Structures are given as structure tokens and as C-alpha cells.
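Note that chain A is present in both complexes that follow, paired respectively with chain B and with chain C.
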Partner chain A sequence: MSAETLSRQDRQSATTRAVRSILASRETAIVLVILAIIAVATAMNQSFLFSGQGWRDLLLTPSILMVMAVGSAVVIITRNVDLSVGSTLAITAYMSGRLFVDLPGTPIIVVVLLGILVGAVLGLINGALVAFGKVPALVVTLGTMYIYRGAVLTWAGSDRINASDMPREFLGLGTMQIVSIPLLTIVAVLVLIVAGYWLASTRSGREMYAIGSDPEAAKLYGLPTTKRVITAFILGGALAGLAGVMYAARYGTVSASAGLGWEFQAIGAAVIGGVAIFGGSGTVWGAAFGAILLMTINRVLPIVGIPDFWQRAVVGALIIGAIVLDRYLSVRRHRKLQEARDDA
Partner chain B sequence: MTAATRATTGASTSERPREVGRSYAAYHRPWWFRTFVSAEFLIIALLVLVWLIATTSVDNFSGPLTVRYLLMDIAPLMMIALPMTLVIITGQIDLSVASTMGLSSVLVGILHVQVGLSIPVAGLLAILVGVLCGVFNGFLVAYVKLPSLAVTIGTLALYRGIAVGLLGTTALTDFDQGWSDLATSSIGESRIPAIMIPVVILILAFAVLLHFTPFGRGLYDIGHNEQAAWFSGVNVARSQMTTFILTGSVSAAAGIFYTLRFGNSRGDNATGLELEVIAAVLLGGVLIFGGRGAIHGVLAGALLIGVLSSALRLEGVTVNVINIIIGLLLVVSVLAPTLVAGVQRLRSRLGGSSSAPGGSPPTTEPSEASSPAPRNSGPQNSTPHEKAPRATTH
Partner chain C sequence: MSLSESTPVLELAGVRKTFGSVTALADGSITVYSGSIHALVGENGAGKSTLIKIVAGLHRRDSGIFRFRGADAAFNSTAEAKNAGIAVIYQEPTLFPDLSVTENIFMGRQPRSRGGRIDKQAMQDEAAEIFARLGVNLDLNRPADGLSIADQQIIEIAKAISLDAHLLIMDEPTAALSGVEVERLFAVARSLRDEGRGIVFISHRFDEIFSLCDTITVMRDGSYVATTPTAETSNDELVTMMVGREVADLYPKTEAEIGEVVLEVENLKSAGTFADISFTVRAGEIVGLAGLVGAGRSEIVRAIFGVDSYDTGSVALNGSPVPKGRPSAAIRAGMALVPEDRRQQGLVVDASLARNIGAAIRRRLSRFGLITTSAENRAAAPWAGRLEVKTSALSMNAATMSGGNQQKVAIAKWLATDPSLLIIDEPTRGIDVGTKAEVHRLLSQLAGEGMAILMISSELPEVMGMADRILVVGEGRISAELDREEATAEKVMHAATARHEKNRQEAAA
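And now, the complex of A and B:
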């Protein structure tokens, strides 16, 4: 049966198949939706796209959520979930500010690396609890979400880091543009490319999918599931840490409530981007495009005359729509395969 | 997810033949052991301990105001934790409860303050919307077969978005004073707030529903194995739908209380409460994969969170430290079974190597597994598999 299926597929040329799979992919669909939204917004208000400020914001706004969504996507692909990323972001964002206040003259690169490192350690704690404690990630990261948020609240209290506390060069990074593309966007895209290549084309990346689609089978097959799951959490934490530093640079003001509720935004972006919540499928590209879609809709709503209070409702509707669509497509695919089998 | 855990526990039972299954109580133990050495009683003991420490060493904790405010503070938490227990026992989750609460708060505000309906009518309409919220969740989970985690992350944003969208940043505060007074009143001269009357009724109703009706027993079956439950005659989809309708309607009712108690209706009321509810339920010994849990444990979990926060607040500890403690409790509570199992395995490995050196485990296992009952207690345990379904609660 499989031989026949193969030969039938072979009749199509490689290029038509490639074109078809690109057209049918979730990523393409989301990019098209994003482009449509941008087109509508630009038609309503020229400066949405064709002004320096509009162009910059268009690229800059999604960058932080993109980084977080990539991390969340990797964790979700291994059939886990990390609810603590919003709190991790708050910790590293506040820490970045604190470093500049307490140790003036800290090199920026040290702050960035330290942010990533602290995020990675916080992710490692989650990963170790999940992988060694054999406890569900949802519960563990719910707990660490409280713990990390409590830690940053204790540390910061009602204190807030203001833009004037941070060096001009650091804040400059948040708005700096290279060939009219904001630096933070470049960082986000680099993260995306590296993570996308790793997941799609390396052995350890593919093993993430194997673990996510069937953890037991992956273990019996001899994959290092414990190690890979911990890696996923470390990556998710490190990217949340990086997002925290980016947050400090971008917004200039950091309080202990930074990133409140972002964990759901990041997971929502991944789900909209076609990452199945029970693991094993989806790409970080989809998650990143999902993040862009969320943040762009955010900015477009007021332009098309909908009060931005409705933004969350739209986000929720999008998430529901995305999973219903996924379900519909998978049922249809299943039925087609069944028909093909019956015909054969 | 459940299948995976089942497989792991299945593998580990071969090492420890005492445990017949994932959650069947070890029936060769005497009844008092099964009742008192359980996750529920552990948390109840912890609650009693914390309560005793608080009453003896925290100033004013035993004062009349403390209990009053403690109970009023955790009333919404306790209410929503009840249907949430049912949802989690079936192996699902509902993250949208706090958003439903916010939506109901906004609706009561709009219908009462802006439209001019009386509180009972506005409240009934809000509960109706809560039912609809539950129907929407339940339909997507039970009939479209979507993962509840993803669905309710979506409706978490959707319902909250509608609440915030309806009111924007305005807050409605002009509520009928009589109803606000009623929401904050006490029962007679006692220090028990009046809200505890409906809460206790709800608790009793849910305890009966979960533990003493075919519907409730079926929920455990669904949590263990949906297909097996279906084959044994449980209407899986309808049961799941019902649990989500219950979370929706009770959340809406909690939202009405919240609105009247604080006399304000805002889009962001009760933000983040869903995680506190889930923390209370899991602390109370409900297994996140479903199939295990009991109402008394959940109540103890909710009360523990309430007593801890109240006592620590009186001690001048800020809310962030309370958050850390709740988080730690949650992590430890889920980690505890794994730790206990690890210690047991270590002990049995040490003991096994001394008593039967070089003995091949596979040959000894089956005989041990089939014989624990006669060796330990009476003949009533000779058929553990018939007992098993009843053993899932206690």
C-alpha cells in the first residue's frame, strides 16, 4: 500500500509538490492574513506603513513576543507547557535595570548574557522538576510561575526602574535601526532562524518532535527524553530571559508586574501558528508569525475603528478559530487517507 | 498525556506489586489506613497544623474579624474549586473561570446600573451567560474533541476580552445598597459571613454529585480511560459538557458575589483567579491527569490557601511571599508522590538485594502480585479487580 502511495506521489513533480505544500501550510496562511491586515490598516491610514514611525513600530512591536513564542513553541512541541515565562521575563527585565542602577558601567553585553543565563537557570529548574520529578509541566510551571513572580515582587516591591536609570546606549538598542530595520527585530529573526534550523534539520531538533508525538515510544526507541525535555525548558527560559532584557531596552520602565499574562500570549501565538498543544507538530516559524499576527492586530484595531479594549476578545477568537481549523483539517485528512485506503 | 502516565505507572508497578494500578487504593490495607494515610488527609492535617500555629502565635488571628474576612476572601475560590474538581477529575482543565467571573461581574454591572434591572434579574441573566460560556467550552471539548487546555486558553482571552470590551476602563459602582449589605452581612450574630450559606449548600451538592451519583462515579471512569468509560455505559461527551456548564455557571455566581461584595463592576475583576483555583484543587490531592480526587481534600486545599494568606498577612508578610509559598506548596504537593515512590523503590531495592540475592524478579513478581490479598488481610480482598472501581474514591 505504501509503495503505491509513494508511486502516486511520484507522479507529481517535486516542484508542484513543494509549491502545494507551501501554499497549504499554516505559516503561509498566517502570513497572508498578516499582509491582509496590514493592507486594510494602510488603506485606512497611510501612515500605518508609509511613515518612519509606522514602519518601525510594525517591525518592533512583535519582536519581544516573537522571541518568547519561539521558546514556548519548542517546549510545547515536546508535549510540555511553560507557564512561568512571563514571570521569568519580569525577573530578567528588572534585573537588567537593577544592574545598571547598582553597578553603573556594567557592559551591556554582560547584562544581555546574564539575562539569558538567569532565564536558562530558571528554565532548568522547571525542566529538572518536570523531567526528573515525572510531574506534569502544567502544574510545575504554574507553581514556579507563582514562585518567580513572588521573587521579583519581593525583590522590586513597588520600586520601578525608569528610563533615566538606564544608560542611553542600552535604551538606544531598543529603538536602534539598521538599514531601517530595528535591532530587536533582527535579534528576534536571528533567534527564529537558528531555532527553526535546529528543529527542522538537526537530529536533536527532530527528536523533540518524536518525544512530543509519543513520549513512551521515544523513550523505548532510545531517545534521551530526559535530556531533550530539559533542553527545551532551558531554551524556553533562556529566550524568556532574553525577552526580558529586550523588554527593558524597549520600554525603559520596568516594574515587578512586567510580562503579566504574557505566558498565555506566547502560548496563544504558538497555538495560532499551528503548534499542536499536545506536542509533536508545528514549527517555530508558525509561532513567530502567530506572535506577529497578535501584536499587529493589537495595533490595527483602533485604526479600523474598534476600541482596543476588544483586542483580547479578538485574540481569544483567533486561538479558538485556529484550533477548530486544525481539527477540521486533520479530520478531513484522516477521511481522505481512509478513502485512499479503501480504494486501494 | 494520560496514556503516557498510565504506561509509566504500569511499568513501575512491576517493581512494586503492592500497587495494582495507578490510583486504586491498596485494598490489602485496613480501612483506617486507607482513609487517613491519603493525600486528602495529609492536606487536612497540614491545614489543622497551620491553623493551630496561626491561632497560637499570630496576634489577632483568632479574632472575629479574621475569620469573617478569611471566609469572604476565599468564598469565590471555594465555589469555583468545586466544579473545577469535577473538570480535572475527567482529565480536562478549565482556565476560563476567572474570565467568566469577570464577564458576569461586568454584565451584572451593566444590567443593574445602566439598564436598571433589579439585582436578582441581572444576576440570573449573568448566570445564564455563564452557562453559555460553559456550553461553548464544553461543546468544543466534548463534542468537537479539542484539547481543553488550548480551548480554555482561548476562551480565557475571549471572555475577558468581551468583559473588558463592554466596559472599557470604566468601573460601575452604583449598586443597590441593600444587596451589597446582604453580600457582606453575617449569619445572625455569628462571625460567619452569610455567603457561606450558599457556599455550604454548593459544597454539599457537589460532594453528593461527585461521590454518590452515577454521574459523579462516571467522571472518575472518564478520567481513567475515556474509551473504557464509554464502553461501560458512561455518556462521556454529555458528562464533560455538564462539568463545563457547572464551572461556567458557578463562576458566574461567584462573579455576582464578588461584584456585590466590593460594590464595583470592572472588566478586570478577578484576573488570575483561575490559577489560584487550580492550585487549590491540585493541593487538595486531585490528580491533574484525572481519575483521582475528592471534595474534602479540595476544600482543605482552598482553606489552606486562605488561612496561610490571612495569617501571613497579619504577620506583616506581603502578598508576594504568600505567592511564593503557594507556588512551593503546589510544586511539593505534585512532587511528593514521586519522591515517596523513589524512596520506596530505593528501600525495596536495598531490601530485595539482601533477602533474595540474585533472584530473578520476573519469576517472583506474578506470584507476589496475585497473592497480596490473602497474605495481608481477609478473604474479601481475593478479587482486587472487582473491588477496583469502587476503590477509586473513598
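And now, the complex of A and C:
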């Protein structure tokens, strides 16, 4: 076979492969499920989609979790996990309110940047402990989850930042819409696009996958494993920090219990979105769609008339279902490939 | 080609490396010239892999001379070695299973266009070009997961070619390649040599060494033995240099009375790992499983013991069938497995000696569901005494013991269950020579008492010295069964690679 025909065949199969992989991808499946859920909800209650309020909530509600899920996805792809992001969110959310109270007139951009910076530093602490201390991420971040939460509890006590404590312009950002699309949603989508591009198309991004796929091989390849793992945690922390500022602007009230349990929602979103819990595969797009699915289901279940208890159970079932499905598909693929090899 | 005119690309002299109390490399010496294919031969455990890992930047040498392209070298990481121009193709490929074939070749040094964006088209084109040069038709976009070892090796080779390395080290690259693939690889290796690169080629197959290499360096027991031009040596001479001692002296095998069939394995098959595995082990008999690393020996015993399941076939112990996939049933039936990796699979290294010995018989030791330390000590004492485990008290931590003592504890743990079949995987790996003999004496003694023993070993003299019968495994199949009297190093080596020969003939036909 000449090289020319070979490459033509390659190109042909590349196109069909692209089409097939889009049709078969987890991202597509989740988008379809989300659309179906929206259709059902809209059928039962027209205003779910076809009202200014409904449309806004549909886009606005998932945006903060999307930002966190993107960060969690990056960390999980490197075969780590960050349980402290919910506590990080609480710290930067409370700090944002505090800044407006204690230093009135602080420019909003400074508050936003400070939130990201503080989140990044908290992430750096996690990353350094994991990468240098060789302590499993699950243990490190379980510890810092409580420590960070403890810090904000000590700082805030029973105090609560109210909407009246924060400038109107800042709160306005939380509900502001540009061409009928909420600003927070635009922020979340921008984060998603940048993170998605980075992971898919740069060396450092691809190395994240490599490290998660096989840490030993990454060492043999001479990849800067330590640096990359720390980067993942810094990114996860920074995005949680940004999510905290978004939280303050969106809800207007911040107490020490802000974002309690969100770390699990973020991880759940990533897993539902096809990010393998042992690293190496999945996309931030999947994680973001997973976040949209989780938040939308939470809003739709009461409309459909499902009791509160079952709403949580549905989320749990989704997570387990996603993992079981992944496991089943990968075992089946592995077996098929091996049998094909034996027969050859 | 005159060797004296070209410069040595790699020079090692008297390189030493120890891990704790174990000397992995006592005197590593090799001089490789540009434009030469240099064979490095020796038994498993002769120190070849350690030597290579030092060159590759995975280990640092303790002492000795290491020069690369005329300059002193000491690599702290694989990245440094790689940047200097050293490419290594390891025995067991290390790829990223989730990533595509192309990404696996270029990971860490993908071609980039403006703005740091990976130029996927350029990457794809270069990969296609390398594969065309190798004459391989491999889907560039499929994930590496599920690829055969042969295809994984091809990726490793493609990686080394794309690195444009000055020195290429191939650690048994042909172990899993078919005849056609080997010929193709040799053609590529020759053309790389003609471009003036130095190549180190490690292989157990003499036919390959004689057809490809111009120089041969032999190692034994971690030390340099000799370097000779290929044209001036022979098969027999190489084997003598590699083995280098009388086998019988080191291995105190005593004659034991062979009794009834204890283990009967019939037609065991597991897709992708092994097939057609049938053999028996009798009471008082030591059966050795020989073969190359990765041939499937460990997988076979894991399946027999029930750690892994298998597709078809049957296992029977003392005449009654053993259900598959259930180690607890295998233990109850009278099997014991001392695994290859003591620290991870054989022992609880952070627990006391007594607790480790008592671990396999916990149920018998417990009263009302509770186990007392004194009960553990009572049960452990006779075993520790009998095995001469040198540790002052039974409460000593297993982690602080020497490798030899750890191995004896791992064996004692299972002897406490009073098994009729002992399966032992690499009984003396990483153990110093003195303690080795003690482990061998113990195995011999157990056989003498009527225990059936199935022993995996990659050390040829050990297999030939200890086993009554040798089963040679090649690519997941039993390729030969040799009696103690008829077994020679050559015959075993030949059988370990025999299936390849057959494949090669079929491919050629």
C-alpha cells in the first residue's frame, strides 16, 4: 500500500471517526438528557422556559457550580481530588462581603482579583502537601476542608453579610444580563472555553491527562509531574475563589456555612460528565454539562412533584449510574480488544 | 568499520549500585561506540536492567565512571537523560492507556505552532511518517489501552526514533514481536546504526544477537564478565560466560520420594494472557515454571490460586475440584501462594512477625472472634524457630527485617496453614546469596516431607538446580516440559522463545 492511499484512508476514517465520536460522546448524551428534562419541565409548566424569569434562572443557577466543576475536573484528571473547594468558596465569599463592609469603596475588580488570588493560595497549600508531602489528595483535602471551614467559622462567627452591606453595583453583577444572557453565565462559559482549550491543545494541558493516566509512565517520560499537580490544585482553588465572589454577588447574603457540601456537587458533576474518577480521561465540557444537569434536575424535580428526599436520591443514583456505566464500557472495550488480539 | 576510529558514545566503568543491603550492580562496565549495535547479555538478575536505569537517569550510581559522548554524566531524571540524547525502550512498555497512539509518541514535546498551541496536524504527519518508515499500520488515533505488547513496543520505538537520540537502548524489544516485526525492527536498527548512532541491544535470543550485533558484553551476578566481537564467539561460549558456575553446588536439592498427584491443572485459558495450560504437580515434587519475564507465569499461578479468574479449564487439588476466582476456597483446599512482591502482597510489613505468621490462620486462632497476641505468639514460635528467622523477638516489625528474613516469614505464614501445595513466585528475588541457600534448603526440606511445590523463577540456575521438572512458559503457553536430567540452560532458553520461532516460520511461509 502506498503512503498516499494510506494517508487518504486515514483522513476518511478521521472524518467518520469524528462524527461517530461526537455521536457517542458522554457530552452529547448529557446535553440530550438536559434538553429532555427542560422539555418535560416546560411541558408541565410553560414558564419554566418561556418567561424572562424562567430563562434567566435556567442559565444563572448552574453557573457557579460550573466554575467549580471545571476546577474539580482538572484536579481529578490528574488522578487527585480536592474536597476543600466548598470551604474555599465560603472564605472568598465572606471575604468579598467583609471587604465592602470594612473598606467601603474598594473597587469591584480588586475584590474579584483578591478572591481568585486567595483561592489560588489555598489551592497551592493543598497542591504542595500532595506533591511534596506525598500524602494522598483525599486525606490532605479532607483535612483542609475542615481547616478552611474552621477558619471562616472563626472569622465570621454567627455574623452574616447581608445584601445591604454590599454596593448595589456589585449585587447588580449577580443578576445582570447581556443580550438576555446573565453575566455570571458568560463568566462561567469563558472559564470553560479557556480551560477546555488549555487542556485539549497545549502541552501542559495534555500532560495533565498523561499524569492522571499513568503517573509512573509520566515519570519515565520526564514530565514535570510535581509542577503540574500543583498547577491543577492552584487552578481548582482559584476557580473556587472566583466562585465565592460570584456566590456573594448572586445571593447577596453570606454566612460561614456558604457552599457547604458544594465540593461533592462539583465532584459529582465532573463524574456524571464523564471525567474518570481515577484520572486520565474526560473533559471540562463534560463536567460543566454535568453541573448544568445536576442543578437543572434539582429545579425540575419539585415541578414534576417528586418529594424532597427523592431529589437527593436521584442525584446519588446519577453519580453511581455514571460510574457503573463508565466501568462497564471500559471493561467491555478492554475485553473485546483482547479477544480480537487472541483470535488474530 | 574500524572501532578504534569512532568515539565511544557511552562509557561505563566499575559502576556500583546498591539498594539497602542488596547489591544490584557490583561492577557495571560497557563501552558503546557510535555506529555500533552492542549486545548486553546475562541472565535475569545479572544487573542489566539496573545498569540501564542508571544510564536512563532513573537511578543514580553509587560509584564508578559514567561518560556520555566523552563528558562525565550523572542524570538526575529521565528528562535530563532524554535531553542529552538517550532513548530507552523498556522491557515493559510504559504508555498512557487513555491517550492516543500519537500523543503517546510525542507527550511532553509535541510540535507547537504560534501561541503554544499543539500543532495536531504536524504531530499526526510526523507520527504517520515514522510508522511508514517502520512499515507499521497502526491506527494513530486509537487509545493505547488494549494494544498488544508488540504494538506498545512499536510505539516505544517510534518514540525513540522521533527523539533523534544519539544512544538507543533496547531492553528486550523483541520479546513480544512477531517474526515480521522483528525483521522490520532490525532493518530500522541497522539504518539507525548507519546514521552513526550507538545502540545497546538486550536480548535473550542468541540468534537475534548474532544476526544484529557487532559486539557483545556479558554480565553475571551484577558484574562485568567480558566484551567480545560477535564474530569471535559462539553460542556455547556465551552460555558458559553467562552461567559461569557449576549449578549443583549452590542448590542443595535433596532427593525426595515422589508421591500422588496433588495439583492437576487442565486446559486453563484466560483471554489475552494464557491458554492450553495443563500440568500436574505430585507430592514431594518441585516443579519449576521457567520463562521470560512477562511470559504469563505469575498470571497462571494467580489463576490457579483464585486471585484472578479464568475463562475455561479446571483446577483440582488432591482429586477434588477447586472453584475458580476464590482464594479462600483454594486455601481451604490446601493451597498456599507466596507472591513475588513480598512487601506489597506477601506481608503486612508494619505488623509484628507473630501477627504476620498468624495472619493466614486467623480463624483458627480466634476465640469468640477475638485474637490475642499471646495466641499469635504461641502459634508463631515453632515456625519462626524452624525457619531460623533471625529476629530477637516475635514482636519485631516485619519492615525492619532483611529481605531474606521477610521471605522466610512470608513462607512461614503459609506453612502455618499446613498446605499440601506451596506455590512460590520468585522465591529468592532481591535476597543475598547466603540467605538464598537457606530458602532453597527450606524448599528442598519441605518437598522431602511430601509437600508439592510449584516454583516460578526467572533465574535459570535456580530452576535447574531446584526443580525435579521444568515447565517452560512462552507467551502464555507451556512450550516445553523438561526433566531434571535433560534440562540445560540452552534448552530452557530455547523453549522460552520457541513459540516465536514457530510464529516466525509461519509468518515466513
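Following the convention adopted for this analysis, the second predicted complex is superposed on the first by the 325 of 344 C-alpha atoms of A that agree within 3 Å, B and C clash if a C-alpha of one lies under 4 Å from a C-alpha of the other, contacts with A are read in each partner's own complex, and residues count from 1 in each chain.
What we mean here is this: a residue touches a chain if its C-beta (ideal position, glycine included) is under 8 Å from a C-beta of that chain, and two chains touch if they have at least 3 such contacts.
None of these values were measured; they are calculated from a predicted model.
Trainee: By the touch definition at the top of the document, which applies to A:307: first (chain B), second (chain C), both, or neither?
Mentor: first
Trainee: For A:216 in the superposed arrangement: first (chain B), second (chain C), both or neither?
Mentor: After superposition on chain A, A:216 lies in contact with both partners, chain B and chain C.
Trainee: With both complexes superposed on chain A, which partner does A:319 reach: first (chain B), second (chain C), both or neither?
Mentor: In the superposition, A:319 contacts chain B only.
Trainee: Is A:50 contacted by the first partner chain B, the second partner chain C, both or neither?
Mentor: neither
Trainee: Mind working out whether A:334 is in touch with chain B, chain C, both or neither, as first, second, both or neither?
Mentor: second
Trainee: Name the residues of chain A shared by its contacts with chain B and its contacts with chain C.
Mentor: Correct list for chain A: 216.
Trainee: Please give the residue numbers of chain A that touch chain B in the complex, ascending.
Mentor: So the residues of chain A touching chain B come out as 79, 81, 83, 129, 133-136, 138-140, 142-147, 149-151, 153-154, 157, 215-216, 256, 261, 264, 267-268, 271, 277-278, 307, 309-320, 323-324, 327.
Trainee: Touching chain C in the complex: which residues of chain A?
Mentor: Those residues of chain A that touch chain C are 1, 3, 6-7, 10, 13-14, 17, 201-203, 206-207, 209-210, 212-214, 216-224, 276, 280-281, 333-335, 337-339, 341-342.
Trainee: Spell out the part of chain C that touches chain A in their complex, as residue ranges.
Mentor: These residues of chain C touch chain A: 57-58, 77-83, 90, 94-99, 103, 107-110, 112, 116-118, 120, 128, 132, 137, 139-141, 145-148, 271-272, 275.
Trainee: Tell me, which parts of chain B touch chain A in their complex?
Mentor: It comes out as residues 1, 3-4, 7-8, 93, 140, 144-147, 149-151, 153-162, 164-165, 167-169, 267, 271, 275, 278-279, 282, 288-289, 318-331, 334-335, 338-339.
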